[in-house]
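In what follows, structures are represented as structure tokens.
Common to both upcoming complexes is chain A, partnered first by chain B, then by chain C.
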Partner chain A sequence: MTNSVPEFEDADCILITGSNTTSSHPLIASRIMKAKEKGAKIIVVDPRKMHIASLADIYVAQNLGSDVAWINGLMRIILQEGWENASFIKERTEGFEELKKAVAEYTPEKVEEITGIPKETLKEIAKIYATSEKSSIVYCMGITQHATGTDNVKSLANLAMLTGQIGRPSTGVNPLRGQNNVQGSTDLAAIPNVYPGYQPVTDDAIREKFEKAWGVPLSPDPGLTVVEMINAVEEGKLKGLFVLGENPLVSDPDSNHVEKALDAIDFLVVQDIFMTETARKADVVLPGASFAEKDGTYTGTDRRLQKIRKAVEPPDEAKADWDVLCRVGKAVGGKGFEFASPEEVFREIAEVMPIYHGITYDRIEKEIIHWPCRSEDDPGSPYLHKDGFAKGKGHFTPIGYKPPVELPDKEYPYQLTTGRLPFHYHTGTMTRVSPSLTHEVNEAFIEVHPTNAFEIGVKNSQVVRLTSRRGSVNAKVIITNDVKKGVVFMPFHFAEAAANRLTIAALDPIAKIPEYKVCAVNIEKIEESEA
Partner chain B sequence: MEYRTVLTTCTYCGTGCGLLLEVMDGEVVGVLPAKTHPINEGKLCIKGWNAHEFIYADGRLTKPLVRKGDTLEEASWDEALETIANKFAEIKKTNGPDSLGCFSSAKCTNEENYLLQKIFRAAIGTNNVDHCARL
Partner chain C sequence: MEKFKKYIKELFESGEIEGFLGIRKNGLHPVPHLFTPEHPEELETLTIPDVRYPMTEILLTIVRKYPDKKLGIMVRGCDERALNELVKNQKILPELIKHIGIACSADLAASCRCAQPYPEEIHYGEKVAPVEDRSDIEAIDTMPQEERFDYWMSEFSKCIKCYGCRNICSMCFCDQCTLEDNDLIATGQAPPAIPIFHLIRAFHMAGRCIDCGLCEEACPAHIPLRTLYRKVRESMSGFLGYVSGTEGGEKDPLEFLGSEGYMVPSKIDEK
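Take a look at the complex of A and B:
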């Protein structure tokens, strides 16, 4: 997030797209509700009419995967009406002329045709967003989980820069991160192309710095992403895999493909707290600790560092994960794994990572710190880009609309989109063993528009078979107007009816994120005896 | 009877709400929202209120396991670590460091993510490090 969570409360306009905020980030949704009480206009653009849409001043459903088109359409209207922030564009950005040219063809008529958003609504959204004093954009996986995910995010950045809605409190472009420490694990370089603190592995000076810090020569070649590693197993190039606290067999796209890869791999190590579907396939399983059984830090979605504190001991022979990893590091012959506590590890982190440089355990006991925090007297950065962008000028990227990779056809006439429920979490390894949460919902379902339910010939709670080019699953039908005609929705928490047996592993070329949010499926009624 | 609360951060989503784990005689028995926390200001969602329930669920892993044929069997820490060390060394020797890789975890701490990427980058010698940020 460019801005911090409490700032939402003082925004004048909040544009929410691709985020089921009330369900996936309830305590951020409550800030948005407070903003509304104080008079903010809430705009929701999402293919599904979720709870947050019922609070919106304007709600509109776009066609799946049409985001670049409506955002370009907004920018065209903003330029036509003179609602852009000319001084911000002049002083803080570059590439404006190219952007202007790129959005020119996105006339309201054309945008309506691609996205299904009526041109009057588009104009209303453009006006409120551009002319409010402080407008904030909130997005989540509905924007990123597309083969055009990077294009979608850059389009939102274009929109914020065009209107100067960034670099001030209560504005900005704000992705809500799904997992407790997805921001931190990215900061700490659990990604293939950088060292901790977003320092490229391909940069010679940076690599030398880390070679000195870690006392070994390092590889200058960027590594593979999750989906690429699964493919590399199939090609026989990747022979050994260490999986820490993840369940790729359920969370990754095209699970049948992942299962084959995990069956084929020479050596699989899984470190987890439960015997997950992935752990069952392992050659070595290491028992780790839950958040209540260890110390450490998480970095929240708004770059805020917070401690977790050990309350009880891990069960039996299980150990805190940091301790296990120090042992693994030493066992495989690594140097520099002699840490006696997470705090000692953190001291090394702060040393090698300029954006965490000023952060210590003592400081985060007493104060709220958002990175970048570069020295002990730096208070940190609740919002970014105050006096300029990190890379100098903000660069407008001209972007054209591309349709989703797999469009509906005769054989697979419906579009499937996937998502989360308020009661469950990712692949359900934690929530589906929690009695209070399974009491709410404990089985997969599929949301279908009434017209489509009539076509298929099913009633509420009847079981259907969904089939895509990659696999098939059975699920109960919920008939609802919350999805558009032709679109069906399925939560992905349930391994026994895993939505990811159906999804497509088409990747965004830059972020390598899979297109979970759009694929083509067929739906058939199945007889009671088969169900 | 010993009762205490431990201030910590919720382990579910990226919002980062503050909560208190209620500990009775060495066991976590409940959750209370942290009233003065700047993010959640004394409130929690349904997952947060029940964030302690999975800790004692059946099926927690409690001992290292090593595969012997078709089954995973209980092993000592030394045996498990030695198996990893030997197998990784063998694969690296035959196929090079880029034939090994890891999926780190958005559920684990900053310190743990740092350590795992350090194992693969510094001790094994590959940048094949990723996690489910995209998923």
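Take a look at the complex of A and C:
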């Protein structure tokens, strides 16, 4: 996030898109509700009418995967009405003329045709977002989990820069990260193209710095992303996989393909706090300690570091992740794993990561610190880009709309989109072992528009078969107006009827994120005798 | 504070209590803790911060596990009201629970709008004046009926069904919870059925709620739950003359319904 979580309360306009905020980020939703009570306008653009949509001042459903088009449409209206922030554009950005040219063709009529958003609504959104004193954008997986995910994010960045709604408190472009420490794991380079602190592996000087710090020679080439690893197994290029706190068999797209790869792999290690579907396939399962059973830090979605403190001992042989990794490191003869505590690990992190350089355990006991925090007297950065962007000027990227990779056709006439429920988290590793949460929901279902339910000939709670080009699953039907005609929604928490057996592994060319949010499916009624 | 620690130590040594539910400092973080005579050194970390925890709710968990132990518990005015109600409902035995009283600071009393910010016997702190504030109830009572209805419907629509209000409440001591009854409130939906989810809870708070306000502090959706339950509390004292949280005397008059009064009648159950 460019801005910190408490800042939402003071925003005048919050534009939420592709985020089921009350379900997936309830505490952020609570700040948004506070802003609303103070008079902020809440705008929700989402294909599905979720809880936060019912609390919004303006809610509109766009067609699946049409985000670049409506964001370009907003920018065209803003420019036409003169609602852009001319001084911000002049002083802080570059590439404005190219952007202007690129959005020119996105007339309200054309945008309505692509996105299904009425032109009057688009104009109202443009006006409120551009002319409010402090407007903030909130987005989540609905924006990123597309083959055009990077385009979608860059479009939102264009919008924020065009209106100068960035670089000030309660503004900005704010992706909500899922797990409590997913920001921390990204900061620490659980991505294949950078070293900790977003320092590129391809940069010679940086590589030398890490070679010196760790006392080993390092590769100048980026590694593989998750879906690429699975493909590499299939191609015989990857022989072993060490999976930590992830359940790719259920969470990756095209599960049948993943299952084949995991069955074929030579050596699989899974480290988790509970037994998962992926762990059942592993040669070695290492029990990890949960949040309450270890000391350390978490870095939240707004780049704030917080200390966690052990409340209870881990059960049986379970150990903290850092401890397991150090033991494995030492066992294979690695150097530099002689840490006695998480604090010692943290000291090395602060040493090699300029954005964490000024942070110590002692400081975060007493202070609220958001990175970048570059020295001991740096108070940290609740919001980014105050005086400049990382590369100096903010660069407008002209972007054209591209349709989803797989569109509905005769054989697969419906569009499937996936997401989460308030009562479960991701593949259910942690939540499906909770009696109170499974009491709420414990089976897969699909949401279907009444017209389509009539077409298929099903009633509420009847079971149907969903089929895509990649697989097939059965699920109960819930008939609702919360989804558009032609669209079906399915939560992906339930391994026994996994939505990801249907999803497509089409990847964004830059971020390599899969297109979980759109694919084509067919729906068939299951006769009583079959069900 | 040293005197207070010494007092607890003496209670341990004399055998008057076999455990003390208080708060310890974990780094800079105050957390509830069960101090025991086996580890008197832990009393060094004992602290009395200006924040509240659902101490009586935690006590219930401990009592379920150790029903015969003599326990001390750090009580503020609100905690004591909760303990009085738990005794009347036979959830704890008064002879086994020793109240160790804390008077709240003026700041805490003000932020809690507390009508009785101290227990009967005070072992720590100075008594401050009660805060009489009905402004929240008055603001809603003066709304036209239609507006008032819309107000509550809109507040209830924010609910994310986290059960935070119930889980933090020491008066929610039933073994089975009506809020989890699938026949009355469909599972798997957030917001939960409007308004019945919140009305059931409000009805159950009648004759029970001791007005500690922890439910409203816990609510991530900022629903003004305390205002609702304060109104119910007032109605109970106005119509039936019952003020929950007072020591001794009769049980909540609505208890004549018996424990089954809150359950779904079997006829409906069978359908």
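Basically, the second predicted complex is superposed on the first by the 531 of 531 C-alpha atoms of A that agree within 3 Å, B and C clash if a C-alpha of one lies under 4 Å from a C-alpha of the other, contacts with A are read in each partner's own complex, and residues count from 1 in each chain.
The criterion applied here is as follows: a contact is a pair of C-beta atoms (placed from the backbone, for glycine too) under 8 Å apart; a residue touches a chain by one contact, two chains touch by 3 or more.
Computed from a predicted structure; not experimentally measured.
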Which superposed partner A:M490 touches (first chain B, second chain C, both, neither): neither
Which of chain B and chain C A:D321 touches, first, second, both or neither: first
Chain B versus chain C as contact partner of A:P287, first or second or both or neither: first
First (chain B), second (chain C), both or neither touched by A:P435: first
First (chain B), second (chain C), both or neither touched by A:L27: both
Comparison of chain B and chain C by chain A residues contacted: B
Touching partner for A:E348 - first (chain B), second (chain C), both, neither: first
Which of chain B and chain C A:K307 touches, first, second, both or neither: both
Contacts of A:A130 with chain B and chain C, given as first, second, both or neither: neither
First, second, both or neither for A:I78, with chain B first and chain C second: neither
Residues of chain A at both interfaces, chain B in one complex, chain C in the other: 26-27, 30, 307, 309, 311, 422-423, 436, 440
For the chain A and chain C complex, residues of the former touching the latter: 22-23, 26-27, 29-30, 33-34, 37, 51, 54-55, 307, 309, 311, 365-366, 421-423, 436, 439-441
Contacting residues of chain C [partner chain A, same complex]: 26-29, 31, 157-158, 160-163, 180, 187-188, 190-191, 220-222
Footprint of chain A on chain B - complex, ascending: 6-18, 21, 23, 26-28, 38-40, 43-55, 57-67, 72, 77, 80-85, 87-89, 91, 94-95, 97-135
